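Some structures to go through are shown next.
Each of the two complexes below includes chain A, the first together with chain B, the second together with chain C.
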Partner chain A sequence: MNASIRGPRFRFEPYFAFAARAMAREATYRFDVFTNIGSILVRVYLLRMVWVALYAHNAAPRDLPLHAIITYSTVALLMGLVMDIDQTRALHERLHDGSIATDFLKPISVPLYYFADGTGEVLFHALLIVPSLALALLVVHVDVPSFGTLAAFGLSFFIGYLIGFCINFLLNCTAFWTLEISAVQMIVTWLTGLLGGELVPLVFFPEALQHVVAFLPFASMFSTPLLIYVGVIGPERYLGAIAVQLLWLAILGAIAIVVWRAGAQRIVVQGG
Partner chain B sequence: MVRVYREYWRINILTTLEYRENFLMWLAFMLVYHGSAIATLYVVLHQFPSMNGWDFRQMAFMYGFWMLAHALHNTLFSNVSSIPEHIRDGNFDRTLVRPLDSLFATIATPGQIFPDELLLAAFYFGIATWYAGVHVDLAFVVLVPLIVAGGALIDLAIDLAISTLSFWFVRVDALKWITLQLEEEFTRYPIGIYSRSVRLVLTFALPFAFMNYFPAMYFLHKTDSSLPLPAIAGVLTPLVGIVSIALAYGFWRVGLDRYQGVGH
Partner chain C sequence: MAIIEATDLRKVFRSVVRGPGLGGAVRALFARDHEEKVAVEGVSFGLDAGELVGYIGPNGAGKSTTIKMLTGILVPTSGTVRVAGIAPFDHRAANAQNIGVVFGQRSQLYWDLPLRESFELLRAIYDIPLDRFRQNLAHFCEILDLERFMGTPVRQLSLGERMRGDFAGAMLHDPKIVYLDEPTIGLDVIAKEAIRTFIAEVNRERGTTVILTTHDLADVERLCRRIVLIDEGRVIYDGPLERLRSEYGTHRTLVVTLAEASSSEVVIPGATVVHHEMSVVHLRFDRRTTAAEELIRRVTERHTISDLAIVEPDIESIVRRIYTDGYARPEALPS
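== the complex of A and B ==
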C-alpha cells in the first residue's frame, strides 16, 4: 500500500468529521430515542418501588439508606445510556460484509476512525442524559453530592467508560477470527450487569463474593464510580479505587493493541 | 400443516447439529442469562431476607414458572418477534402468497431452534419445586403443564401484538426490546410490591402476573390482600392465555387486512 510507504501528515480534522457524522446518524432514529428515554423513566419508577418495598420490610444496610440506593439505581440507569453502547460495532459489521478492506485503503488510522465514529454515537447518547435526568427527577429524588465527589465520580466514570470501550473493542476484534460473536457479546453484557453492580450494588453481595467481584474489570465500569457518587467509597479511598481502575485500563488497553495488530495482520494477508 | 411443521423441526435440529459451536455459545449465554437473574434474586434476598413476605426459595420457585413459560414460548414461537424485521426487508410478503396461513408460515420458518432452553427450564423447575418445599400431588402434575402452556400463550400474545404494530410503524424494535427488558426485570418480584396502577397493568393489560405470580401464590398457599383476585386466580392462567391470544390474533388480522407492503 502506498500510504504505508509515505504516509500523509497526520491530521485530526477528519476524525472530528467522523464523530459529527455519527452524531447526526444517531439523531435520525427519533422513535428509538423516545422509547429509550421512556424505558429509563419506567425503570426508575419501578426500581424505586422495589427498593421502597425491600427497605420497608427489612433493616436498612448501614452504608446505603433508601435515598442513597434510589440515587444509585437512577445514576446507574443514566450511565447505562452511555455505557451500553457498542461503539466499535462498525468493526464487526465491516469485517462481516468485507467492507473493512476499503477502510484499510483510506489514508486514515482505522482504529481511530472507529473510535471517532463510536465517540460521536456516545456523545449523542450522553446528551440524552440531560432530558432523561430532568424527567427522572419528576419521579424520584436524586442526591447531589459535593463538588469534589462529583469531580471524582466524573473521572472514575470516564475511566470506566474507557475500560468498557476496550472490552467492546476486544470483543469486536474476535470477529477477525470468528464471525459469530453476538452470543459472547451478550454473555459479557449480562455479566457486566450483575458483576459490575449495575443492577444491585456489589456491597450487597455476600462478604466472600464481594472480595472477588471487586477486583474484576466489571466492577471498575459501574460499581466504582457509583459507590464514589453515593459516598460508600469515601475521599480517603479515591486514590486506591481509581488506581485499580487505571490498572485494568492499562491491562485491557495493552491486550486490545496486541489483538488489533494480530487481527489487522490477518486481513492484509488475506487481501494478498 | 402437520407435515410442514414436522419438516420444520427436522430442519431446525439438523441446522443445530451442523453449527455445533454456535449452539454451544448460545447455550452458554442462556446459562448466564438465567443464572444472573437467579443470582440477582439471591443477592437481593441475601441482603433483604423478606420481600413483601416472600423469601428466596419462594421467589426461586416463582422464577421457575416464568422461565418455563418463557422458554416454551421461545422454543415454539420465537419467529414471531422477527416479523417487524421481515416486514421491513420484504421477506414477510412471501408468506402472503403461500397456501397456508401467513402466521403459521412465519412460525414454521426454520432457523436454528432447539428445545435446550425448555429442557433446562424443566430441570430448574423440578429443583426449585423441591427447594421451595412445594407439595407435589396429582393436581400439581396436571395443572403445571396447563399453566405453563397458558403462560407461553400470554407471552406470545404480547409479542404478537407488538409485532402487529409494525404493519403501521416500520420500527418497533426498541419497543419490543424494552417490553422484554421490563418483563424479565420486573416480573421476577412479587407484584404486591408495586403501586396499584402497576399491579392492575400486570394483571389485566399485560397479564404477565398470570405467568408466574398468581400460580406461584396458589401453590405456595400465599395470599395477597392488595389484589382484587382470590387465590384461585392462580389456576386461571390457561384461560387468560387463550383470551390474550384470541385478542392478539384478532388485532393481527386487522393489521394484516390493511397491510399493503412497505414498497419493495
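== the complex of A and C ==
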C-alpha cells in the first residue's frame, strides 16, 4: 500500500524562490556591502606591498613571477567574497532555536532548501565582485588570461564552491549533536584560508606540508582554480585537476548526505 | 470515513543522565547512563473528515508529542498513524501537502520577508494554482483583516498580527487537515475572538478537519463539540464536550453572602464549605443528591443571608478537577 504513495513531483520553483528571497534579504544589509568593498581595496593594496617587498629580496619561483602572484592574491581576495560566507549557518541557527521542525512540515527537500537559500545569499555577494574588481584595478594590475582559461577557472571555481558548501553544511550539521559549533568552525575557516592557498600559494609551503595538503580537500577550494587562472596549471592538466576536485566533491557530498540523514533521523526520533 | 487514525501510539524519549558538576560532565563523556521517559503511552483515536476536535491536557501530558507524530516530524516508538491514508513519517512531503500547521509559539512565516512575499513563497512551496491562491488570499485578507500589514516584514508584526498571518499561511494551500497547537496563546481578547471565528469558519465552510490543542478552555467551549483529554500520555476521555460536562459537572456551587460577617464555622448538611471569607461562603454540593432549593432552605434556616447565587461548573473547573483527581467515571450515574 505504501509503495503506491508518491511524494509531490519534484519542482525547481520553490528552490528558485528561496534563492531569490535570500538575495533580496542580503541586499537589505547594504551598509555591510560597502564596508566589504572598501576593505577589499585596502587588502588588495596591502597584499601588493607585501609581495613586492618579498619579491625584491628573494628569488621569484619560476612559474609565479611578481605580476602572477599579485594577480593570484587579488583574484583570491575576490573569490573570498563568496567563498568565505558560511551559507548554511541558517541550518545551525534553526536547529538551535528549534524552528527546523517547521522546515520539515513543508513539502520540500530540507537540505536543498538550505542549498538554495545559501546559494541565493552567495549570488548576491558574487555581484559585488564586479565593483570590487573595478576598485582593485585602481591599485593593482590583474592579468587577464585567455577565454579558455577563464572558462576552466569558472568551472573549477564553481566546483570549489560546491566543496565549500559541503564542508560548511557538514560543520553546521554537527549542531544536530552538539548545538555548539563555533570553535570547530573557526579552526576549519583558518585551515581553509591557509591550507587552501587563499592567503599564500601552496608552492611556498615546505615540501613536507605540501604533501599533507595534497591529501586534504582545501586546495580544491582555492588553490586549484587560482593556479588555473594564473597558468601554473596549464590546459594539458585541466582535466586531472578538475577530476581531483570532483573526487573531493563526491566524497564530501556523500559524507554530507550520510550525516544529514543521521541528524534528521535524530530529530525525528528524539524531537530535537 | 476516518481521515486521521492513530492506533496505540507510543513515544519513548531516551536521554543521557548526567551527574552534577564538572565530574558528572566528564563522566558522561565516557559512560552514558540513559533514562527513558514515556511521553505518549498508547494513544488511540480516530477523526472523521470535517470534525473539529479539542486535544486537551496539562503541560507535559504528551499533546505536542502526539501532534508531532501526526504531522510526520516525529517517528513513534510504536503504533501506527494514518493521515488521509498516508503514514506521515514515511511520506513526509506527501503528507505535508495535505496538512496545515499553526504553532502559537513558533511562526512558520519567513521573518525577513513582508507578509505578502511570505505568502508568495508559500505559493511556490505548495504549488498552489494562481487563481486559487488569489482567491484564498483575498478571502483570508478580508476575514483576518490582513491588508493593513501585508507589506510589513513578519518580524515587525505584533503577536496578534503575526498569528493572523500564520493562520492565512497555513490555509493557503487548502489543506484537508489543520493542526493548531495553542494558537491563541498570549493573544488579547479581540485577537482571540478573531482567530476563533476564523477557525470556526474554515471548519464549517471548507470542511477542513481541525485538531486544536490549547490551554485556554474558552477556545474549546466556543469551537469543539468533541474533546480528547490526555493526561500522563494516555487518553482519559474521548467524547462530546457536553457529556463531560454532564458526567463530571455533578457539583454546583451555592455562593451565599451572609447578612453579617462571621468567622465561626458554617455547617450545612449536604454541602461542603470550599471557601469562606468575611461574609461570603461557597458551598459545593452534588446536584444528584441535593436539590438547590432544599439547600437554600437549610441555609436560610440557620443564617440570615443578604444575597445568593448558584454557580454552574465551567469546563475549566471540570478539567482542572480531572487533572488533579484523575478521571474516573462518576459512580452511580446512569449514562
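Simple rule for what comes next: the second predicted complex is superposed on the first by the 265 of 272 C-alpha atoms of A that agree within 3 Å, B and C clash if a C-alpha of one lies under 4 Å from a C-alpha of the other, contacts with A are read in each partner's own complex, and residues count from 1 in each chain.
Convention: a residue touches a chain if its C-beta (ideal position, glycine included) is under 8 Å from a C-beta of that chain, and two chains touch if they have at least 3 such contacts.
From a predicted model like this one, the values you see are computed outputs, not experimental measurements.
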item	value
Touched partner set for A:13, first chain B, second chain C, both or neither	second
Which superposed partner A:28 touches (first chain B, second chain C, both, neither)	second
First, second, both or neither for A:146, with chain B first and chain C second	neither
Chain B versus chain C as contact partner of A:46, first or second or both or neither	first
A:106 touches, of chain B and chain C: first, second, both or neither?	second
Footprint of chain A on chain C - complex, ascending	13-14, 65, 68, 71-75, 85-87, 89-94, 96-97, 99, 101, 103, 106-108, 110, 112-113, 117, 120-121, 124-127
Residue ranges of chain B touching chain A (in the complex, touch as defined)	21-22, 25-26, 28-29, 32-33, 36, 39-40, 43-44, 46-53, 169, 171, 173-175, 178, 181-182, 185-186, 189, 193-195, 198
Residues of chain A that touch chain B when the two form their complex	29, 31-32, 35-36, 38-39, 42-43, 46, 49-50, 52-55, 57-58, 61, 180, 183-184, 186-187, 190-191, 193-194, 199-200, 204-206
List of chain A residues in touch with chain C within their complex	2, 5-8, 11, 13-14, 16-18, 21, 24-25, 28, 98-99, 101-102, 104-109, 267-271
